[in-house]
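In the part that follows, the structures are each spelled out as structure tokens.
You will see two complexes here that share chain A, one where it goes with chain B and one where it goes with chain C.
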Partner chain A sequence: MAERLSPLAGFEPVSAESLRIEEIPFLTQLDVRVDPKSRAAAEIGLALGVPLPTEPGTYASGDCDVLWTGPDEWLVLAPPGAEGLEGRLREACAGAHVGITDVSAQRTAVLVDGPRSRDLLAHGCALDLHPRVFGPGRCAQTVLARAQVVLAAREGDAFMILVRSSFAGYLGAWLLDAAAEHLLD
Partner chain B sequence: MTSRRREGVAGETLRFRYDGRDYEGLRGDTLAAALLANGVRAVVRSGGLGRPRGIYASWTEEPNALVQIEEPFPEPMLQATTVELYDGLVATGLGGRGRLADRPDPARYDAVHAHCDVLVVGAGPAGLAAATAAAASGARVILADDRPAAGGCLPDTGETVDGVSGTTWAAGMLAELAGRPEARVLPRTTVFGYYDDNYLVAVERREEGAASRERIWRIRARRVVLATGAHERPIAFAGNDRPGVMLAGAARAYANRYGVLAGRRAVVFTTGDGAYDAARDLAAAGVEIAAVADVRRDAHALDEALAVAGPLAGTEVLTGHVVTGVGSAPDGSVASVTVSGPSGEREIEADLLLVSGGWNPVVHLFSQSGGALRFDEELHAFVPGEAAQAVEVAGAARGVYTLAGCLEDGVATGTRAAEAAGFRVPPHPVPAAERVTALPSGRLWLVPADDYETHFVDLQREVTVADVMRATGAGLRSVEHVKRYTTAGTAHDQGKLFGVLTSAVVAHATGVEIGDLGTTTFRAPYAPVSFAALAGRDRGMLHDPVRVTSLHGWHAAHGALFENVGQWKRPWYYPRPGEDMETAVLRECRAVREGAGAMDASTLGKIDVQGPDAAEFLDRLYTNMMSTLKVGAIRYGVMCRADGMVFDDGTVMRLAEDRFLATTTTGNAAAVLDWMEEWLQTEWPSLRVYCTSVTEHWATVALAGPRSREVLAGLAPGLAVDAASFPFMTWRDAEVAGIPARVCRISFSGELAYEINVNAWDGLALWEAVVGTGVVTPYGTETMHVLRAEKGYPIIGQDTDGTVTPADLGMDWVVSKKKADFVGKRSHARADTSRPDRKHLVGLLPEDPGLLLPEGAHLVATSRLPEPPVRALGHVTSSYRSAALGRTFALALVSGGRERIGERLYVPLGGDPVPVTVTHHVLYDPEGARRDG
Partner chain C sequence: MLLIPCPWCGPRDEAEFHYGGQAHVAYPADPAALSDEEWARYLFFRDNPKGRFAERWSHTAGCRRWFTLTRDTATGVFESEAGA
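And then the complex of A and B:
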């Protein structure tokens, strides 16, 4: 069997002092839909080890990251190979009205880090990414250049970008093109 | 060449060429300054009248001196007053119209989003004071200024602040801002648009060597401080367009900022004190001031004021005088000035006429923000009134004209803005400047005359007071109407200098107060912006995202040509060496009908529908029944809009009692999900259903043809593939080529066929395994289209156009007669949807079996076209060459088409209409014998 291929398999990572860009491929990703006030929501939180965050535009982290993406929708990011997670969540809330969908290959993740990361993203993201406004723990569904993305602020200057797989090549090319002036060693 | 440079001014020499002649200038010059330094006075000829025109102003308000840059890259319609001189610049003067480059621009342009607590527009005394005060609070401050250097008018006037030169003081303020980590200074940056929610857009002309030539800044500010200064106001008099007629402040700027004398002997024409400061500086620099014509009559007060003005001592001041004429030299420039007043009329020899009609606050951005303007009787100018957004105006932009006043106002405004944004500003000293008291200004817009044919109110559009009076004479009363009638204020400068003057002339002519009449609307952009800057990096490959599937690399490596389907690139066909499209497609079609073919179907939309009410929900959205579907089975379905017209089609698989996977057409994936969410959220919130897009989670390989079962059996040894175990319209989970897969037995070609779905990461591995069997031919969308058309399967959006019902497509069978309701059902009961002459989907066979009908061609009933109007019976929606039929064929929507089967119709193609025979829309294997292999 041939090897798995991530959407940015051909992407040459950027690693300068000022800016790093790399794909984090093959994350396990689940879309979770549930009434946040329901018992099932609490049970899913227990099974994840991370309660489902209810503050809009935030995410919670533990063994996995749980991103608020809507009033009754979350995106769970777990390390590659967490195939059993979907089943465990279904088990945890068996019989309840929930939507749990494997969307691992729907998007790929791109990590942007380094002192120029905000300058890079500012070329195509209309959100205010200043640490006072969009610090660690914040996430948003927004548009970067002309691609829909989920954007999450990590510690320091790091950002995780989740982009639809079909747009990944475009966004990768756009990021490289925008990065040119921010590569300082 | 005569040098008009002040003595002692030196710097790096730059060579440039203007209108075919070589000149030298100094670094720091604008092109206009360098031309004046070389004694070039008539820099352009006006576009319509061909009158010589000179440099009138010193910055972006310049109405005359438009140039075309030729080298290094052609750029049309730039103002000579804002072009920074560089070595090797080649430019020509333009009479109103420029030329676009005939080659691609090699420069890079880009854009940046920025956010701040306080945006200060303008780095003059008020802006610098505001920005430093606001930044001292720790607020995020952006200071944007359109000049290369900060200081606003300080380098023009030579005034001092805090005991040092204005330029030194400004540099100190910039250094202070540089020490604030949350402050950002943007020089050479013109804020040109002010939109809702304090969203402002600016263009930065970046220094040579920067990563981009120009940059668009999209700024969202919590508070805005506009410190945009004021423009000196011209006066309408006979011959006011002659080269050598110049704003007094502009001549002062050329002398002080650039060390350039705009003339040798000047007459000053003024309504107020400002021009005396200019005249004093020019006199000190060596320009002879021949006389001052001051419209004010209080000679005593003026003498008092002038007594302190050393360099002007002895200058003749003609109180109560106006300029009534300008005599010209052979090149059209000023040679003499005629003044009239209590002393009578005199002609004074001069090559420079300095004009100062007062000041207009630069209220453009404030007005764009939605703020109201009011006419201040004391200032005799339009000033900012009530604001509509979180914006304040400081300094000359609101009529504070003294330096000390601007500094004070700037500190106060910057402090207020930062505090309104939630920051505390530490006590901030007001920079010190000399306090001066000005005499009241006189009021004059227009020098009365018998003939207004050379009293210009728009130099670029060549509109005169006579033109304006013709407009008012024709009955126009609104300045907006006069603007459109005369074109005054519509040029590149948008009437920056002369717009208010035009209003004044209209007010004068119609006998109303200018304050009641108002101005024309101030619109973005404040100054011209190049399309290249606006386009930025959205060019070429980055113009529009290209969406690709996980198999794209293989398709490209194997010579596929691609078809654009929305933003998707889909393999169109795979030509082999020597094949054209027709040959390749016929080969691919034969391979599927006779052997096996594989197509990348990953772009089809896929929506996971979960919840206890999922079946009920799908019953309401699809025309047919979905709730009766068994787990493990698949059903084709059609969705209609509420008007009963077909919206989308696809398959629905039942994954579990409470879970379905619905597929959509490639182009409608997002629209169908939106449609589902709209019904769930607005009409049926009680239904317990969640919908999730999984389009890109899956890679889908369609495997079709009589040999496809054999291929699948080889790849999936664990899967029972015989027709009884794996019947048509069912799905099975299985390992295919060692990859976990969901295999669907569905067909869009009429052949035995499967669609194999795997995690997109494994898509390439699956595809290579399928094609690697050696018996499977890759085929593209064109072959897919031919094969489905042979079977009469419509493509939504190609064979339909939003006016077609399922019945029109001959698909009554897909519309449930049992369901109580579904979206569109009621519309199907309308009389109109059962009209016998509705357009039906039918097949067409051209009588010439080699003739390929163009898609979109119309159908008529007769072999000869009658006189218009000709009744068209319908049109061709799909047209192909068929390998299986051995001829061409088409699908068409034809009025009453099903009743016309067997009839001969005609298609006008330019010559005689060609005959075609109407057939049933299913042309191949109508019995469906082939789908089980």
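And then the complex of A and C:
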């Protein structure tokens, strides 16, 4: 059987006191488009176990994470191998005017954690990532080192970066380069 | 660089946006009835004011929505900012 390789399969994780960087490969990712005021949106929320967040730049967490990516668009992140999820969402809103697309292969995830994570990201991201502004539960689509990414703030100093598969190698190399000065002490 | 206030995402760097030119340019009701000159005028001719200008922007690197903002072309200040 063919071995499945993630976009960052060759990436050497960073594990230091100040900084940790590792890929979280093969997340199940679904793009959901639906009118947030519709009955179908509520049904999808019930099926996910998390209501679709309507405040721009936020995400909701339950068994999966549901990220706001537009006024009628969300990105659902579930553990690897959650193949049944797409079908369950379709069933929940059968016949309604919605779009549910599996985009798992579109992006891979990189977790950046540690007390220097904000310093690292600030090298290539113009957003204010201070926890007062961009704390746990906030997400944003923006550019990091000119690559389009989805950023999500986790608890503490952790950030999840979702990057397109074809940009993952570049961004991984950029992160390692930008991390160098934070790994000295 | 301009800091453009996306109605959904808030202020973001200009590099995240695509410019769509003058806003409120209506599509001709009956394009086939236009002369070549009138059609060219619709396609290519735009206002170029010094001052208030309503423009289309798309937040391509963010929420990917199109919207209209009014900007002062002399100062680069967007009206939602000036009023804030």
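The working rule: the second predicted complex is superposed on the first by the 183 of 185 C-alpha atoms of A that agree within 3 Å, B and C clash if a C-alpha of one lies under 4 Å from a C-alpha of the other, contacts with A are read in each partner's own complex, and residues count from 1 in each chain.
Keep in mind that, in the parts below, a contact is a pair of C-beta atoms (placed from the backbone, for glycine too) under 8 Å apart; a residue touches a chain by one contact, two chains touch by 3 or more.
Quick caveat: nothing in here was measured; it's all calculated off a predicted structure.
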Which of chain B and chain C A:Ala47 touches, first, second, both or neither: neither
First, second, both or neither for A:Gln141, with chain B first and chain C second: second
First (chain B), second (chain C), both or neither touched by A:Ala178: first
Touched partner set for A:Ala126, first chain B, second chain C, both or neither: both
Chain B versus chain C as contact partner of A:Pro56, first or second or both or neither: second
Partner chain in contact with A:Leu5 - chain B first, chain C second, else both or neither: first
Which superposed partner A:Ala105 touches (first chain B, second chain C, both, neither): first
Touched partner set for A:Ile24, first chain B, second chain C, both or neither: neither
Contacts of A:Ala158 with chain B and chain C, given as first, second, both or neither: neither
Chain A: partner with more touched residues, chain B or chain C: B
Touching both chain B and chain C, residues of chain A: 126
Chain C-touching residues of chain A, taken from the complex the two chains share: 56-57, 69-71, 73, 126, 140-143, 148
Chain A - residues contacting chain B, complex: 1-7, 10, 25-26, 31, 33, 72, 97-107, 119, 122-128, 130, 133, 145-147, 164-167, 169-171, 173-174, 177-178, 180-181
Complex interface listing, chain B residues touching chain A: 110-115, 140, 210-212, 218, 220, 537-538, 541-542, 544-550, 552-553, 568, 603, 608, 610-612, 688, 690-698, 737-739, 759-765, 768-769
Residues of chain C that touch chain A when the two form their complex: 8-10, 12-13, 15-16, 61-65
